[in-house]
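Reviewing the structure listed below.
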Amino acid sequence: MQPLSCPFLINPELDFLNTKIRQEPFAWPVRVYYEDTDAQGLVYFANYFKFMERARTEWLRSLGVEQDALMRDDRRVFVVVDTQADFLQPARFNDELLVTVNLVNLARASFLIEQQIFRNSLDGELLCRGTTRAALLSTDTLKPVRVPASLFEGSST
Amino acid sequence: MQPLSCPFLINPELDFLNTKIRQEPFAWPVRVYYEDTDAQGLVYFANYFKFMERARTEWLRSLGVEQDALMRDDRRVFVVVDTQADFLQPARFNDELLVTVNLVNLARASFLIEQQIFRNSLDGELLCRGTTRAALLSTDTLKPVRVPASLFEGSST
Amino acid sequence: MQPLSCPFLINPELDFLNTKIRQEPFAWPVRVYYEDTDAQGLVYFANYFKFMERARTEWLRSLGVEQDALMRDDRRVFVVVDTQADFLQPARFNDELLVTVNLVNLARASFLIEQQIFRNSLDGELLCRGTTRAALLSTDTLKPVRVPASLFEGSST
Amino acid sequence: MQPLSCPFLINPELDFLNTKIRQEPFAWPVRVYYEDTDAQGLVYFANYFKFMERARTEWLRSLGVEQDALMRDDRRVFVVVDTQADFLQPARFNDELLVTVNLVNLARASFLIEQQIFRNSLDGELLCRGTTRAALLSTDTLKPVRVPASLFEGSST
């Protein structure tokens, strides 16, 4: 995973965000329903990526970023550039999971986020570990755009 | 299901289509992958609706209607107004299914389609039977618009 | 929908349940994520069936029924026999939905459940209305089995 | 991605397979339906993992391995141990994709597979590039088991 060894190019305008995030570790609960499992009796592997994206969406919301308003008003969307996951232990139907979000690098136009999925609680069994790089794109040009500091000055902060 | 007992309001401009469709029964193969199943070891019930929609998409394509061009060039989309299904026998991981499409009513702004899902072939076991009403909407107004005869005068006919 | 006109065959052993359910209307919140939407910008129609199933699962849990224990310990599973939905207004990315569960008929081996999906609250816009019949099957025989009164005497009641 | 730098531990019993696979590059077509897209108008990122798994399933089938028989008769299942993907260009509704499968390492109990997703043909635009490690597990113990040479001596070879 070479991204982690890159020089840590934090966007200086967003330094306040970095401070804020470091103080508030984020975790989001996800219940496993039949729709998430497969005929092996376990959660279908690609669905862990959905669980991680739900947690990222809620993490952005907790920072005041509503992605529907971002798309409609600012014509900006986050897209996944690359992602990776290790599946350590299987989650099962009816499990209650906890999905963490940890911003490890925030560059001009992209985020690098590390996530973990635990059973029941942060003290529970670690089931999955993943990394996702997301970029902010203009919906008009589909090109990356700078992540503005104002992005995180939404209503809930 | 009251739609079936409605007077049969065939759009007269589309009569040629009716003739054409009656002559060409349509069926589309679908393979069951892990993604389609759940922890009961069977196909997850909501996924039969996906299978039926794939077959409807391919049936439209066989009539010369490409929905991406329809959305981009004509600013028209088909949307499902209501749908219903009976699950008679379960499909399983790795099954090869055959999904039929039968237009039973074509009104000014909507279709009523009946579908069946068989295992292996049209002589195989009947697993699912469903009905779907779809309307043609303007993407600008989100209101129903008339289904034009020209819709079916696409490249493949 | 002929099921609703059937004689109301309530299983007499389950009469206490009927009373209990009538007193406690059930609703479950669902947030719309990117995974639930499609290129029309709205929730993909088949995903409303997933939302309704999540609410049914949580309704059963509220009555003390954990389906993983039911499958493991009692070798019983609920399966959907038939389902139907009317899509009245579209739900969109980031919407917060509320999904109701209303048991309208409980026979020896099956349930008939009516559900509604509202935007934001029970006073909000009604987006979808559906009906689902589910049966209790033995995992050994895949045949319907009687819904026992003891099913609802779980840990949470 | 350290797996690629591991010593190349090819299972000697499976050497014939290696030869066979090298001679037959594998690609599987996938059509993009509404179910695969999201409100950004593009294929939802996690669904590329489903497309790659469909191609792996068909690649195994082309080698004579039917995973339902493997699970039922041999009590063996393939599970994904880790996976990774780079999303280079977006796929859209109605696109016809071609998904390749390339076995790069076959150890005693696991596979390492590289895949690419192209638009239209192998000469088309490269949209996605991924790597997946899968292990063969016993369904009784959920522990890895040796990949037997006989696995690939199925009916279609």
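Some notes on this structure:
The first chain written gets the first letter, and so on, giving A, B, C and D; residue counts start at 1 in each chain.
What we mean here is this: a contact is a pair of C-beta atoms (placed from the backbone, for glycine too) under 8 Å apart; a residue touches a chain by one contact, two chains touch by 3 or more.
What you are looking at is a predicted structure, and each value in this text was computed from that prediction instead of being measured.
In this structure, the chain pairs B-D and B-C differ in their number of contacting C-beta pairs, and the larger number is found at B-C.
Most remote from chain A, judged by the distance between CA-atom centroids, is B. Centres computed as Cα averages put chain A at a distance of 36 Å from chain B.
Spacing of chain B relative to chain D, judged by their CA centroids, is 30 angstrom. Averaged Cα coordinates give chain B a centre that lies 26 Å from the centre of chain C.
In chain C, 34-35, 39-40, 42, 46, 50, 53, 71, 92-93 are the positions where the chain touches two or more neighbouring chains simultaneously.
Residue ranges on chain C touching chain D, taken from their complex, read 34-35, 37-42, 44, 46, 92-93.
Taken together, the chain A residues at the contact with chain D in this complex read 1, 39-40, 42, 45-47, 49-50, 53, 71, 77, 79-87, 90, 139, 142. Those residues of chain A lying in contact with chain C across their complex are 31, 33-35, 50, 53-54, 57, 66-68, 71, 92-94.
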